[in-house]
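Okay, here's the structure, questions in a sec.
Order of writing sets the chain letters: A, B, C, D, E and F. Residues in each chain are counted from 1.
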Amino acid sequence: MFITRKFHFSASHRIFNPSLSDEENFRIYGKCSNPNGHGHNYVMNITVSGDIDIETGFVMDLTELKNLVEEEIIAKVDHKNLNIDVEFMKGILPSTENVAVKFWEQIEKKINTQKRKLYSIRIGETVNNSVEYRGK
Amino acid sequence: MFITRKFHFSASHRIFNPSLSDEENFRIYGKCSNPNGHGHNYVMNITVSGDIDIETGFVMDLTELKNLVEEEIIAKVDHKNLNIDVEFMKGILPSTENVAVKFWEQIEKKINTQKRKLYSIRIGETVNNSVEYRGK
Amino acid sequence: MFITRKFHFSASHRIFNPSLSDEENFRIYGKCSNPNGHGHNYVMNITVSGDIDIETGFVMDLTELKNLVEEEIIAKVDHKNLNIDVEFMKGILPSTENVAVKFWEQIEKKINTQKRKLYSIRIGETVNNSVEYRGK
Amino acid sequence: MFITRKFHFSASHRIFNPSLSDEENFRIYGKCSNPNGHGHNYVMNITVSGDIDIETGFVMDLTELKNLVEEEIIAKVDHKNLNIDVEFMKGILPSTENVAVKFWEQIEKKINTQKRKLYSIRIGETVNNSVEYRGK
Amino acid sequence: MFITRKFHFSASHRIFNPSLSDEENFRIYGKCSNPNGHGHNYVMNITVSGDIDIETGFVMDLTELKNLVEEEIIAKVDHKNLNIDVEFMKGILPSTENVAVKFWEQIEKKINTQKRKLYSIRIGETVNNSVEYRGK
Amino acid sequence: MFITRKFHFSASHRIFNPSLSDEENFRIYGKCSNPNGHGHNYVMNITVSGDIDIETGFVMDLTELKNLVEEEIIAKVDHKNLNIDVEFMKGILPSTENVAVKFWEQIEKKINTQKRKLYSIRIGETVNNSVEYRGK
């Protein structure tokens, strides 16, 4: 059984590798390397797998999942600049792939129990592009 | 190869455990345990896996799947109260997880053949919350 | 200039006219008159018209609109039964048309100023059906 | 007759009034005034009104509208910072209301003819917030 | 008060003016004039305006509107070729604008009463392009 | 890690088996076998799996994926008739299942490297029906 909750956040970022020149960054990342950054409304779906708890009828209380993700992730990235404002993204190229891995690290241990596991983090960056990470 | 058809139904429910007090129900289920119930527009995606039939080009005729699900599930739950009106939900806490399991039981045998299997039932309860069941 | 904010709420209702018999109600309202009620995820768009305030760049602070509507409407109807639980719907047939009119009455005076007016309340009851009310 | 084409662009911005202190900006704009900016996937619908041209069957060739808007607006704002990178936004507080007015100014004269008029620019900033401008 | 119901239909068409050459058609209509046609999933929203009927709580019974539109329009165009198969489109260039006008003619008289009027037909041809017709 | 890009194309088709009579085709395929064809706006999601490239932060440059799919698939099927106009569909019944398999064949070798693999092609034919192919 899989349960999923959707989250929204808005953030800005600049995709560039500081060890390369602006020209090389533009060659690799195109308009995503614009020096003054740009931004997105990210749509995130977090999925937890597990068995149904017989007493509650739930795999996990979705309100508990909502509160956890809002505290550990959303409060730290919403209306922020992913290159500058987010402690756990420091030194990390904010590609959506890397964002998904770092988000996973923030919540995996707080979700996993004997009965349930963090299964997937899907992040849509634009209406056309998305990534999904299912852990190592 | 996987084929999926989407269905909609609207129903009311109250999430509560009759062996607990109203206070305990409220502590566990919050506003979902409101005594007079509330409701949702459920969005359901049913996925069948199998090989392409060489003659028809289909895994399964989607009209056949539509008719089966409308007869076995939608006709029994649409515009109904899941706690009271649905025979196969009697005595079952109508969490979306439990709803998905009971729906699976209504259709699995009628879908499965040597060439195709019911693969997944995904039910979105609100725009943010959903569950997916893939059988035991 | 028009600004719009979207809201979601989930509620149950039964469409029936208590002065008619169950048979007559079923003839007029069909499955919507099911005695044990059913429910929906309502999607509501509230639009305010006005001029841009030169200092703030806004017609109206959308956070102010959000807080007002959540307090005056959402808190009173979300996860509730519209026939029973909502004070301002008492004695009113909860068709989506009537719901829109009653919602309008809850917020019009608190939104309207010399510079801005409540312009429209649109409520989607299902993925296919919606109503819009623009006042008298 | 009204015709509408949808456009997408991603940009960052910071909502703040440079004549006010950071504290006053935060009081008015909240998290939208974050110093390092944030961003959105904007969804824009541009509507033109007019009569059907008898020869072509169109009010306006939507490919012509698409090319015009992509050249005059999208190319200048997509993956840009609205406070810094966009010539026609210089000195303008980038609230969505003001963005809509400035966009209108870029394209009105190039769209309007005797037979058709720019009717509306709707811009969705987030999944919940949008503005619509219909000119003076 | 405005009520709206959404409809879906899938059809093929070729946009071309038979009095012009294939080359001229291609110059005006581009890929839409492909000789073997192409197709779309059209999304149509039909809006009726009027007052709330005090007895029923409705402007118009949406089931009545649904049945009327399915009989007069959907049954005649769904899974059809708009250039060839549809009686009321004979000799009409099937631009979405012209489709909207012809649809209006099929249903206006059957909807309009003293208390309610057909207000708008909106047709989305693709995810980005749509037209709206509000009558003469 | 999985990355997904969404594509749109509009095409017409007729589902019929040329070795059967029109009557038999209608019995099996219903309105989908209409002799003059019909059409759809197809929505396609292509997913590639792999590891994050440490230098770029990407599994695969989505612009590279976009260009590849537009060249190998979209340019050949958009605004075309799938029964007649598409070289690689010749002699193939254009069920969505078969379309997905043929699309897979066009791009698999151009996407797969040691580090990344084509994982899935999902095609939505209508708002309710979709298929997903993950290769043999």
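Keep in mind that, in the parts below, contacts are C-beta pairs under 8 Å (C-beta built on N, C-alpha and C of every residue); 3 or more make two chains touch, one makes a residue touch a chain.
Only a predicted model underlies this, so the values are computations on that prediction, with no experimental measurement involved.
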Could you check which of E-F, A-D or A-B has the same interface as B-F, with more than half of the contact pairs identical by residue number? A-B
Would the interface of chain C with chain D count as same or different, where same needs over half of all numbers used to appear in both copies? different
Could you see whether A-D or C-E has the larger number of C-beta contact pairs? A-D
Label of the chain whose CA centroid is most distant from the centroid of chain A: E
Measuring between mean CA coordinates, which chain is farthest from chain B? D
Rounded Å distance between chain B and chain E, as computed from the means of their C-alpha atoms: 34
Compute the distance, rounded to whole Å, between the mean C-alpha positions of chain A and chain F. 29
Which chain F residues sit where two or more other chains touch them? 127
Touching pairs - complete list by chain label: A-B, A-D, A-F, B-C, B-F, C-D, C-E, D-E, E-F
Mind pulling up the chain A residues that touch chain F in the complex? 15, 17, 28-30, 93-95, 97-98, 100-101, 127-134
Could you list, by residue number, the parts of chain D that touch chain E in their complex? 1-7, 47, 52, 55-59, 61-63
Name, in rising order, each residue of chain F that touches chain E in their complex. 8, 10-13, 31-32, 34, 36-41, 43, 78-81, 84-85, 126-127
